[in-house]
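A, B, C, D, E and F label the chains in the order they appear, each numbered from 1.
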């Protein structure tokens, strides 16, 4: 994603998460909590877990999830060369079908971790 | 997988990989090399990369791949509590559809990393 | 999808379905018929079947299919709270990877079934 | 699944669920709770929700999940002709790739809902 | 699949297809017809179409579908080296997650097209 | 894709591939080479292989991959009626979830192979 797409994604994500949580469905609210907690420091640190979230998002080919985890990885100090290694594992596991998502992932990474 | 299933998987994997590589298709042989190299120490260490391979295999729900990466994770000294955190990320990202694979993953882990 | 995206989807769907059917491939035309008939009243009523189509589209993460079945569910008098329960089943089965699609699904639902 | 496979699945599921929950990971335990609650009577009744779980399991092609939801559907009084309609929606949405799973689903259904 | 597994698959497939068609659901019966017709000679010949069915089955990772299309490809005179090229395209498109299925595919191919 | 979308895809693909390869990760560069070589004339000709790539992309539902292989198929002299047969196999194997991608595929085909 380029800078504008990334900003729009962030706004849309925030707005719609508020709407979803506002619907006050107990199961959905608890799922969102579980989702947040899954990436908190524990037996593995948050940095490692965000890389796990990123590679899982890439092989499942979800652009929004990929963008989100790239942002979080950058916050957790994943370096550019480390992130590219995550991309490579995703590529080998998931195949060429991952490439279009890797293109957008490289662009997103470029906003946050310039060369 | 229980001990016998894990042993059969190892033998079958070894036998059929030999047969596949014996077919001498250049593209396939190079892919197998890339696959091996993707998990070697680099900007990320082998331990982290094996956990990436494990979570990717779980969300894509490939039992053989999961068993393979659990074996490799154990070799790279991923602890039981670290591995369970990888399982949890896979569960949250991939949903309840991951649970049948997590059952077999717990059994496989039990062969290698007893409580 | 917001109102404009939903309208564009409807137009594009109509236009391209006409073009596809105009190609006059017997197999494709029969498939389109089967697809329509699968949601007609039968042993299960159309309302239930549209909810089945919706949850299947969500776990397979197809935004166009989701939008289509939300429209059809609303026509079959699926209520807002019923639809949110369908979303919740999709979320639990399919995991956090469903969330970006649920965001767009909530927006689409908002066009048709305001709070 | 035939009768023996179904019985083995039930035992293995029970045994490994106990082992997974015994690992006492808070996130995993909460996920299992969410999973159970997603199918409880609410805005939609348990019968409808189990059919939603079944169709989602079929298009995602998870044999264990399919068997589990067929058992639960039968308990919730889904009839044979209703269940076959769920299979048909899964087939149309998911394509011929669903057929091998539908074969096993028909066999499982036959244990519980004979003609 | 080895010879015995392949034989069991053929018998199970035949038996359950009869049971499915015997349920006399119009939609399901029509789908089975469409499925058969999709691989008949037309603008593309049956040989090419069976290779299309094989590669699609491999990237979707359905072992039964793969075995079925390998049998049909062999009947349509796809050679061993042609089939290995289909495997390679599936491997590159679908990634290492395809490898466990390619192992079984090589074994199945060995029953029908010995070196 | 319409003409403008197709042109934007081509430019974005070229630009980001250059950026990805410029990152100089040996594994990624080798994967890109393998990807290119998988479609070169061999035991199967490039035309057949591009149709294999197209059907695989359709059942995996990757719009960029579909557009790319439609362009390459047209260059390899796949005719309009042959391409529609590939679409039909993808539809039968992958189900109605393929339809939104087939809509865009028909539009892309129309840029290159007008009726």
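Everything below uses one rule, namely that contacts are C-beta pairs under 8 Å (C-beta built on N, C-alpha and C of every residue); 3 or more make two chains touch, one makes a residue touch a chain.
As the structure is a computational prediction, the values presented were derived from the model and not from experiment.
Student: What chains touch chain B and also chain E?
Tutor: Common contact partners of chain B and chain E, which must touch each of the two, are A, C, D, F.
Student: What angle of turn lays chain E on top of chain F when you fit their CA atoms, given in steps of 5 degrees?
Tutor: Roughly 180 degrees of rotation.
Student: Looking at CA centres, what chain is most distant from chain B?
Tutor: The most distant chain relative to chain B turns out to be C.
Student: Farthest chain from chain F, comparing Cα centres?
Tutor: Looking at centroid distances, D is the chain farthest away.
Student: Could you grab the centroid distance between chain A and chain C? Build each centroid from C-alpha atoms only and quote it in angstrom.
Tutor: That pair's centroid distance is 26 Å.
Student: Taking each chain's centre as its mean C-alpha position, how far apart are chain B and chain F in Å?
Tutor: The separation of the two C-alpha centroids amounts to 30 Å.
Student: Mind pulling the residue numbers of chain E that touch at least two other chains?
Tutor: As it turns out, chain E has residues touching two or more other chains at 27, 31, 34-35, 38, 56-57, 59-60, 65, 84-85, 88, 91-94, 96-97.
Student: Could you classify the connectivity of these chains, where an edge means two chains touch, as line, ring, star, complete or other?
Tutor: Chain contacts: complete, every pair touches.
Student: What does chain D use to touch chain C in their complex?
Tutor: 34-35, 38-39, 42-44, 48-49, 51-53, 55-57, 59-60, 65, 79, 81-82, 84-86, 88-90, 92-94
Student: Spell out the part of chain B that touches chain C in their complex, as residue ranges.
Tutor: Against chain C, the touching part of chain B is residues 59, 91-98.
Student: Which positions of chain B touch chain F when the two form their complex?
Tutor: Going through chain B, the ones touching chain F are 26-27, 30-31, 34, 37-38.
Student: Show me the residue ranges of chain A that touch chain F in the complex, using the header's touch definition.
Tutor: These residues of chain A touch chain F: 61, 84-85, 87-88, 91-92, 96-97, 99-100, 102-104, 106-107, 110.
Student: Please name which positions on chain F make contact with chain A in the complex.
Tutor: Residues of chain F touching chain A: 12-13, 16-17, 19-20, 23, 25, 27-28, 31, 35, 56-57, 60, 62-65.
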